[in-house]
Structures are given as structure tokens and as C-alpha cells.
Amino acid sequence: SAPANATETLLAVAANFAKPMKQLIVKFEAQSPHKVNMTIGSSGKIYAQIINGAPFDAFFSADQEKPLKLVNEGLALKRSLYTYAIGRLVIWSPDQQKRQAEAAEGVLAKIAIANPKTAPYGAAALEAFLGIGLLPEHKDQLVYGENIAQTYQFIASGVAEFGMVALSQVIDQAKASYEIVPDDIYKPIKQDMVMLNHGQANPASVDFLNFMRSEKVADMIKNFGYK
Amino acid sequence: MEISQTDMAAIWLTLRLASTVTLLLLLIGTPMAWWLSQTRSKLKAPIAAFLALPLILPPTVIGFYLLVAMAPDGVLGQLTNGLGLGSLAFSFWGLVLASMIYSLPFVVQPLHNAFEAIGARPLEVAATLRATPIDRFFSVVMPLAKPGFISAAILGFAHTVGEFGVVLMIGGNIPYKTQVISVKIYEHVELFEYEQAHYLSVLMMGFSFVVLLGLYLLRGTKTKFGMRF
Amino acid sequence: MEISQTDMAAIWLTLRLASTVTLLLLLIGTPMAWWLSQTRSKLKAPIAAFLALPLILPPTVIGFYLLVAMAPDGVLGQLTNGLGLGSLAFSFWGLVLASMIYSLPFVVQPLHNAFEAIGARPLEVAATLRATPIDRFFSVVMPLAKPGFISAAILGFAHTVGEFGVVLMIGGNIPYKTQVISVKIYEHVELFEYEQAHYLSVLMMGFSFVVLLGLYLLRGTKTKFGMRF
Amino acid sequence: MKTRKIIAKFKHQTERGGFCLDVDLALPTQGVSAIFGRSGAGKTSLLRAMAGLDRIANGVMQLGDEIWQNGAGFTPTHKRRIGYIFQEASLFSHLNAGENLAYAQKRAWRVEGDGAADFDMLVELLGIGGLLKRHPDQLSGGERQRVAIARALLVNPNLLLMDEPLAALDIERKNEILSYLERLRNEIKIPIIYVSHSIDEVARLADHMVVLHEGKVVAQGALAAVLSRLDLPLKLGQDIGVVIEAEITERDEKWHLARAVFNGGELWIADENDTIGVAIRMRILARDVSLAKQKIDGDSSILNGLSVEIIDIKPDEHAAMLLVQLRLGEQVLIARITAKSAAQLALEIGDDVWALVKSVSVIR
Amino acid sequence: MKTRKIIAKFKHQTERGGFCLDVDLALPTQGVSAIFGRSGAGKTSLLRAMAGLDRIANGVMQLGDEIWQNGAGFTPTHKRRIGYIFQEASLFSHLNAGENLAYAQKRAWRVEGDGAADFDMLVELLGIGGLLKRHPDQLSGGERQRVAIARALLVNPNLLLMDEPLAALDIERKNEILSYLERLRNEIKIPIIYVSHSIDEVARLADHMVVLHEGKVVAQGALAAVLSRLDLPLKLGQDIGVVIEAEITERDEKWHLARAVFNGGELWIADENDTIGVAIRMRILARDVSLAKQKIDGDSSILNGLSVEIIDIKPDEHAAMLLVQLRLGEQVLIARITAKSAAQLALEIGDDVWALVKSVSVIR
């Protein structure tokens, strides 16, 4: 049974970091009396929920803008702002051979990226494609996922031949299927976390944010495919 | 495959939500549909069209507007706080309210049609047999409109189960509290846990199929006028 | 407020999609509903329940399954490629197909009820007046089932307009091609461009209100049997 | 207004012109009032207005001193103690025959004493005992109508509104139900408003008669008076005749004959196990009345001779025939005879002649 | 099987027991066949089976040499050239009266020559000219029925199936429509199967008669033969009588009388502008026939005397009366007289007596 001071916390996590976060929580719970729950959503949705009174203790955004806004609005603690991960883009295509064959035939491939307007990975991907010189020539071939997970599904299912997704999504896959995009052709995708007012007095959330700042965790996050 | 505790909780929550919403919608949709079927007001068509509008907006957008309304300084939030009920957002009853708004047209439409199809004669007959208006409604209108009620229940129930955008927005995907099965499946997909997602989907379809089949069987085969042999 | 060119395109695309889907659904939903209303098969209830299942699944999940089916090596993908139609994914007709699957129950339900309410007598009368089965359907069943058709059109249209998850999944949100208004509004909300979101929502609701109002007016007020004065 | 009448005053033009109902009736609160009139004359419209099913502005409807409608006051149908038999099918399709009856029984007006409708007796009378488990669509047209009649009676109404209740029934069944309605009239004394196209039914049952024509009342009054008028557009053809109220004063048990005495004469008619002194009603069709200048007394058992005075002679619908209106005491009789025999007999208004009526042809 | 008959052979038990239809009919393909029977006897069931509305396994249905059902062969209703008048309301509620008629007109069977139903004439005859724009719920019960009759006739059927078509109509309207149906029978020669509870209608119109009882045929044959039988459970009461086919041989223009001669005698009856030599049908009710031992010849214009032989004497439903079956030539006549006068006249089977019939009481 849990010690008397054990509490529960509820974290709001940007969808792209959900999978790593799940593993981190398992790790954390193994070494702490606290229980951690998370709710997954797009950063924008979570932000809207927080300013409308959502009972979340901490927010793990996919960008830096939203946590900062929350701080400025007095809903989060400034000192708790912390970049917990920096996303990395890859060009991914599970079936390279097919892609090349089709390119040779002149079949117009579909290229998937996340919606640049709503997803930080989408904006970065657009920038990167411009940098590579694929755009604007191939702009018509772009299709947009609602978020990075949907973009992944487009490519994984084969309806889009290739596209840009996060390294964290494909890190388990065959090395040959993806190619890491050089960091210098897009603005770094810095993902910030912040303690929300709701969670500042909660030992579980305090402990967990401290845990996130630890060296050990930083290594783990790197292994997940972040910087 | 193991079914996790949060999955079970989500299934249970979903069934509770869908049943509650369906029942409440039948309760409030019935007088609305009855009014629509009986009125000769010029406002009838506009009001009927208005009731279908929640369908037009994407669920997340409705969810967003509802969220704003339910916030402590929103219209609904002030109301519920004033009544000492606390905030509706991120609570079961918030989900209920949101789902009701979203599923209302699916309940009102079939009822409206069913009521209209009855015509005036059975009501007139009942009146000559000393049935009061209320009595007429329960003893004549309701049984004659049974297929309409079943359809309303089917559409209302199924739609609430499948609903996702609104629920995600209002509920905040909080395990054990507002995390319904549709959101849970979404979560599995986001976590690349496709196998669990399939599994849950199939499970839910199985559950729902049983409920829907039950409703359909309840509906019965109408004996046909004139089919005598 | 200015309305951007992509917004306009999205509105136009949405209306085109919703109209196409509604028409096609009426076309295929009618025989289905007719079969359900006439059959005495034991399979009736299971099939009817099965037809309502698309409602149960969250849109993104349906979208996901459809996506897999539409992939080059998926069931649908192989079919359409074999027919030389290319891939359905990210195309208008892909959206149409996806929306049809998702909105089918909303069209079949009201039609089924309306057909059943007609009863056998008008059909018998028509048969004695030398109307063939087809003729009977067009000259008797269709006009008598008018409220059902209108309801089906209203629910089908509205639901397709508001649909979001499936469309996003299958369409890939390509401006001018598959970016419908619901996605556009969603985008505005995510970007905190609330003013634009409101504006588009209101515009969309206005448009749709007109369409729905038209449908309702077409429905007309049924004159009541026995209401003679 | 205190009254012992049923007052029904309605004036209403249908929306798009066409039909206009315009009646002002005062009907007795006892006995049967027949509403007679051609198809489309407004009989159903009148009944509906009386029942409160159609709300006609400024109408008046009173049953004795119970006011159901007057000016703005309007008692809704379910608060009017009526039984209504609809012209068309009216069984609830979601209930079987027995449940249809139970529906009425459950909601019936409470009756003190034993005036209440007797379920078993009605079911027996209407021959629907074997049908109670059937749904309306498993019944024949006449069976449905019989269930509807039973249902209306089970409510224990104070006023019975019947819209062609027996049109779908065979003669035998018709006679059984008519006998029952007669008892209802005589014993429970519920007033009945009875719409019918059948002069047979009307003559047998009604005490009062209203003739409607294009929404207006062209005649109303005691049955005998209305039936003996020659100036109404009734076009009854072979069915023209009169009704005479009489008293049984003597019975011939051997030959099952009874002597019916009325103001102005007497007739030997078929006996129906009458008790001496009972009041009965006889219908004498014009076609069954022959005229003679002298008394014929050959065979009094079949031929009743009545001394009458000719008060009017009118052409019949058919050119070969004449209608002769006759007075005997306070009664009026009509004879339908060939013009030829009228000429041979040299009949004139004012003549005293003998009217001959066979016992077999008197309808009770 | 080649035949000039309408063959209808059906045997069917309703699902949950109860009613069982079991008929084997051969009806003439000319003239009117009346189906007579109590409520619930199976008349509607029979008509529906004949029309193919209910599919009874192993039934046989033939109209002359057109086979509609035989073994597995089954012609669906819309391919049978019939006109069907339903017992209950059957107008399309989504069409107004005129559109209901147009519905039939558009789909009518093409007819060569001028045998086709005449729209204007039918509308005129049925008095529905002013109603064509009205919707069914704006019509009275009788008006709806008239529209339904017109609609069925507009299809130009080869066989007319009528289920109590005139029950809801007033006498005048009834007579007009009956006249029209008579013309249909005589001129266009469409066979008509006519269900009715009214012996008046049947006697006037029918040539052939089928009596159904609990789903079975208890009598069938020529109208005159069936009506003159005393052993049927018809319970006609006052309406017992016979039908005689006769020929007009002489006219008395002055008194509008006509001499009708038949095998066995002659009667002076009301003239209907008959041409000499025309065949007519007379109905003579038993109650209108008096008997005398000697010829009475006082006033031959009203009293027709016929020399007849008594072939049977039966008690009537009423104890005071007897039914006496009489033969004159090949005809049978029935007299309903009081038992008392029968005794006074000492009537016996085999006696030759005089039957007296008034001209006014002969129904045409």
C-alpha cells in the first residue's frame, strides 16, 4: 500500500511525446510512492482546456509558445519552464524500393507532413523541405496530417509514399527506412514543460518535474529520438 | 490480450454515458418532437432547422464553445457555480450535457416523424374514450410511435458512443473520470498501440452490436395492414 | 472581416461534398431501407444493427481503417488501382466514400421507419390499378415517405458537413482539394484565431441553416386526417 | 339556459369555401334522434362538432343543463360524457380487440346502480367473443365495426353519437344490435344521435328526425311527423311510409296476432310476445296501403280496414304512381297507388275512403 | 382447362386457426355474381384471393380461358385486368381526388373501340365533379367511396370486384350507381363480383348468387333459384322474395303501366319507358303476395291475379306467419301470409290458388 504522503497527479502531454512519457512514468512510479496519470491531446487543445479551468498539474507541450503564454497569463509557474526535449525530423519511407521505383516511373508521390499551422513538427518540416529544395516545386504533392501521429499513419499505411515525421516515432524501425534531416535547415523544435498553478502544491507533480530534469531522464529522452 | 484496468473503466464509463444521454435525450426530445409534430406555428421550420445545427459544426469546435461556456467565468460555469454545482467541465455531467447537445437532432428527428405519421384519428378516438391529453400521449402516441422511439434510441446511443471530439475537449481525457472508450482508442493510436486499439474497437463494436440488436428486436416486425394470410 | 480564398474554397468543397454524399446515400440507402422494411428474414435485425455500427467507432478510428483499406495494397486500393482509378486517399471521391460509410445509418434509419409506416394497403390499391412494383415504389411509396426522405437528407447532409475526423484522415487536408470547412475551423481554433473560427462557424451555420430550412419547408405540414375545420 | 333539450347550434364555412355547416337544433334528451341526409350533407361534420372533435367558433352545444360549448367556453371532448362511433375504422392498431375494449372500460364513467354497460353481455350480443385476441388487421370490416360499437358503449356515455354504425353489417346482426339500442333507449334512457342512410333503421329506432341538406336543416321534428311529410327531398322511393305509435290491447294467442290501437283506428299485427298495454311502434309503408271506396270485409285477419280522409294527393317520383296522404284521427297515413286506380276510384282531396293494410306488411 | 366460367378454388386456414376459407366456385363470365353472407363469412377474403392480393397456395383462379393462378403459376395483381373496390377507405392520401382518378386513368388497360370508361361521364354520374381538387381527408365518407368507385372503373377492367361498394351511400346515390352498374353489365358485359349485405342491391343487380357461411359456400346458382329457396340460413325477414325475368309486351301510355309477360303468367307493372320486347327483371317480395281461393277481379289495374300451385308451406321466422312456395309455369313465387288466414283458406300443398300482386309492389 502507498505511504501516507503518496499523491496522484495528472499531466497533460502533447501527443507526440505520449509514448516516451508513458515509459518515463513507469520508471518514475517504480521509484516513487506517487501515482501519475496523463491525458493526451494536441498542445492547442490542452492549452484551451487549461485556460478554461482544466485540473491538470503540469503541461508538456510540443512547443515553447504555449507554456510561455500560460506563464504570462498567470496560470503556470515561470520558474518551472524547462525544455525537456528537442524534436528531430526524419524523412521516412518504410518501402524505399517502391518509392524509388515509382519515382522512376514518374508517379506523383504523396508527401506527408503534419499541419504546419497547428503542429510544430509540421512547421519545421515545411521549413526543412524548403531547405532541401523540394519546395515549392512539389507543393502539390503535400498532404497534411492533423498531427505528427496522423502523418505517421499516412506513411505507414502506404497512402503517402514518404514524408517527414519525428525521429522518436521511427526509432524502432529499420535504419534504412529513414534519414535524419540536418538540424541546421529548420528551427529547433523545442518542447517545454511547465508546472501549472493547479499542481504546484502537489508533491507528486513536484517530484515528477524534478525527475524530468534529472540527468538520467535526459539520456533516456535522447534515446527516444530527441535531442 | 489483456484488457487493462483503464480500458475497463473507459468501457464502463462509455456505457454509462451513452445510456444516460440516450435516456435524457428521449426525455427532453419527446416533448420537443411532439411540439414540432403538432404545432401550426410559422416558427416550426426554423426551429426544426435550428435544432439540427449542432450537427453542422465539427465536434471539436462545439466542444471548444462548450468549454468556454463551462469555464468558471463562462455562461454555464457561472450558472452551475451559482447553483453550487461546481464546474461542469472535465466532469461526467459535463460530458452528458455536451453529448446531449450534439446528439439531440438524432433523437428529435425520428420522433418527430413517428409522431406525425400517427395522424389525428387515434387521438380523437382516445378523446372520445375519456382519455386526457396526457393519458392519450402515453396510451396511444407512445405505443404507436414505438419504431420512432427505437430509432431515436439507436441513433442517440450509437452516436454518443462514437462521439469523440466534443468529449475529448470537454472531458479532458481523464482516466476513470472522463476517459471514454472512443478517447481511449484514440490514445492507443497516438501511442502506436495499434493492437490494443483494434482490440478495443472490436470489443466496443461487439458490445454495441448487442445493444443495437436488442433495440432492433424490441422494435419488432410490424404486422402489415391487409396481410391477412 | 475578410474571408480568405482558401476559406471560400473550403466552404464550396464542403457544400459539394455534403450534397454529393447526401444524394448518393439517398440513392443507395433507399433500396437498403426498403429491403429492411419489407423483408421477413431472420437476418433483418442483425443487418439493421450492423448498418448502425459505423456510428459506434470514433471517426479517427474509422478513418484509420479506411486509410489502411485505401492503401495501394489494401482491399480498396487494389480494387481502385485495378480499375485504373488510382488511389482514393487524398481525393474528393475518397472523402465521398468515407463520408458515406459514416453517414449511412442516418439515412437508412428514417427511410426504414417511413417505409414501414406506409403499410401494405396503398401498395395493394396501386397494384389493383395496374401499377408495377417499380411504378408502385415511385408513385406511392416515395411520395408517402416524403418526411422520411427529408429527415434522411437533413441528417445525412448536416452530419457530413460537421464530420471531421474521418475527412481529415482520408483527405489529408489539402487546400482546394480536400480541405473542408470543418477542418479549417478546427485549424483556426487550434491557432487561437478565435475570431476567424467564430466567423467561419457562423457563416457555415448560416449556410447550413438555409439548406436545412429549405428541406424542412419542403417537408411541409402534413394535413391531419380528420382535422376538417 | 336551463333546458331539457340537446341544443346544437353551429355555423361554419370550410376554409376554401365549398361546404357550409349551418344548423340550429334542439333535440330531445330522451330517445333516438336520427340525422338523415345525402352523402356530403354534413352529418359527420355535425356529429364531430357536437363531440367537440372540431372546434367551431361561437357554436353552442348543450346536453340538458350541461353546457359543453357556449361562446368562449369549450369543454374538451374527453370531458364530455359521450360515446362516439366513427364512420371509418377507429380501432387502435396497437391493441387487440379485447385490449381496445379494456381501454374504454378502464376509462369508463362511473355509474351508480346497475346502469353500467355489461362487458360480457355486449361481447355476447355483438358476437365478438371469439375475436378478442385478434388484432384489428385480423378482423373483417364488420367485426371491426362491432368491436368499435362495444367499445363506445363500454364508456357508459350520457349521449351516444353514432355515425352510420350498422352500414357494414348484415341484416341479422343489424337487427340484433338495433334491438339492443332500443333497449338502451328505453331502459337506460341515454339519448342517441344516430346518423344513417337507411330509412329502415331510422324508422325502427328514431323518435326524432333531422333531415340535413347541404349543411342546412331542412326538416326536424318527431319521426312520424317528418316521415309523413310529402314535401321533403328525401327520395325514399319504395321506402316512403309513416310510423304510428300504438298500444297493444288484445292478443290472439292461437294465431300469434296482436291488436294495436292508436288514436284513429286499430290494426291486427304480428304478435311479439307483447304484454297487454305495451306501447309499440309500427311502420306502414305507402306501398302497402291500398285504397277502396267501400269497406271490404272479406278476410279481416289479413286485411285491416281503416276509415280515413284524403288530405293531399301528390305525384310520386314515378309517373305511374300517386302518393295519397290520409288522415285518421291524429295520425297521418300515406298510400302509394297507381294513377290508374286513383282515376278509377275517382279519388279527391276531402273524400272519405277505406285504407287497407295487410297484417304481414306492418313493420315493427 | 378451357371454360367460359370464372373459376375460383381456394382452401386456406388462417395462421392461428379460427377462420378457414374453403370455396370452389364456377361463376358465369357475364353478369353480376353476388357474394352474400354474414359479417365474417369470408367475403373479403374470397375477393382478395381472386384479385391475387393474398396468395393462397394451390388455389385456382381463372377468368374464362385466362389463367391467373393454377398450381405454382401466379399472375401478380397488377397483371390481372381487374377493378377492385375495397371495403375500407383506399384513396391515396398524397393525391387529391382528381389525381387519384388520374392515377388509374394513366395506367388504364387500353381498349379498342369505345368500350373505355368515360371520365366525364363517371365524374358526373358519381357527383364528384366539385370535389376533384379536394384531398381525401377533406371528403365525406360517401364522397371518398364514390371517388374510389370511379377510380376502379377508370382502369377499364375485365372483371370488377366490389366489396360492399354502396354501403356508405344514400338511397338516391345508390340507385344512380346501381343503374350505371346495370348498364355496365348489359352493355360492356364486364362480369362483376359484388359483395353486399343488402338483398335489395343484390336482387336488383345480380344474376348469380353465392351464399357464404363460415368460409364455405352453402348455396350458389342463378339468383332466382337461390332466392326462391326456403332452406337457406339467409334470415331475410321482410326481404324474402323472388326474382322473375320477364318481357314487356304491351304498354299503357296513359297510366304509365307496362305488361310484363313471363313463363307462367303476366303482371301489369309501372312502366319505365320500356320498349316493347325488352327483357326486364321484377322482384316480388313474399310479403306483397296475397293468396285467394277464387279469382278476384274487382280492380285488375292494381291487383294482378296469377293462377299458381302450392308446392311447399314452411313456418316463417315469426310464428304468426307462414311462407308458401308457389309454382306458376317455370317460376317460383313465395307468399308470406298469416297463419290465421292460411288456416281460414285451408291451404294445402298441391292446391291451385290465386296469387294477388299489386302493381305498386313490384320492384324493378
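A, B, C, D and E label the chains in the order they appear, each numbered from 1.
Note that contacts are C-beta pairs under 8 Å (C-beta built on N, C-alpha and C of every residue); 3 or more make two chains touch, one makes a residue touch a chain.
This structure is a prediction, so every number in the text was calculated from the model and none was measured.
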{"item": "Intersection of contact partners for chain C and chain D", "value": "B, E"}
{"item": "Distance-maximising chain from chain C - centres being C-alpha averages", "value": "D"}
{"item": "Chain separated most widely from chain E, comparing mean CA positions", "value": "A"}
{"item": "Centroid distance [mean C-alpha coordinates] between chain E and chain A, Å", "value": "91"}
{"item": "Between chain C and chain B, distance of the C-alpha-averaged centres to the nearest whole Å", "value": "19"}
{"item": "Inter-chain centre distance, chain C versus chain E - centres from mean C-alpha coordinates, in Å", "value": "56"}
{"item": "Chain centre separation (chain D, chain E; CA means) in Å", "value": "26"}
{"item": "Touching two or more other chains - residue numbers and ranges from chain B", "value": "60, 64, 121, 124, 186, 189, 224-228"}
{"item": "Residues within chain E bordering two or more other chains", "value": "14, 45, 53, 88, 138"}
{"item": "Junction residues of chain A, two or more chains touched", "value": "45, 48, 153"}
{"item": "List of chain C residues in touch with chain A within their complex", "value": "60, 64, 67-68, 70-74, 77, 87, 89-90, 168-169, 172-174, 187, 189-192"}
{"item": "Chain D residues touching chain B - in the complex, by the definition given at the top", "value": "51-53, 76-78, 82-84, 86, 88, 90, 92-95, 103-104, 107-109, 135, 137-138, 151-152, 155"}
{"item": "Complex contact set, residues of chain E against chain D", "value": "14, 18, 37-40, 43-45, 87-89, 130, 134, 138, 140-143, 145-146, 163-164, 167-175, 197, 199, 235-239, 252, 254-257, 270-271, 287-288, 290, 299, 301-302, 318-321, 336-341, 343-344, 358-361, 363"}
{"item": "Residues of chain A defined as touching chain B within the complex", "value": "10, 12, 15, 18-19, 22, 37, 39-41, 45, 48-49, 51-56, 149, 152-153, 169"}
{"item": "Contact set on chain A toward chain C in their complex", "value": "42, 44-45, 47-48, 110, 112, 115, 117-118, 142-146, 150, 153-154, 157-160"}
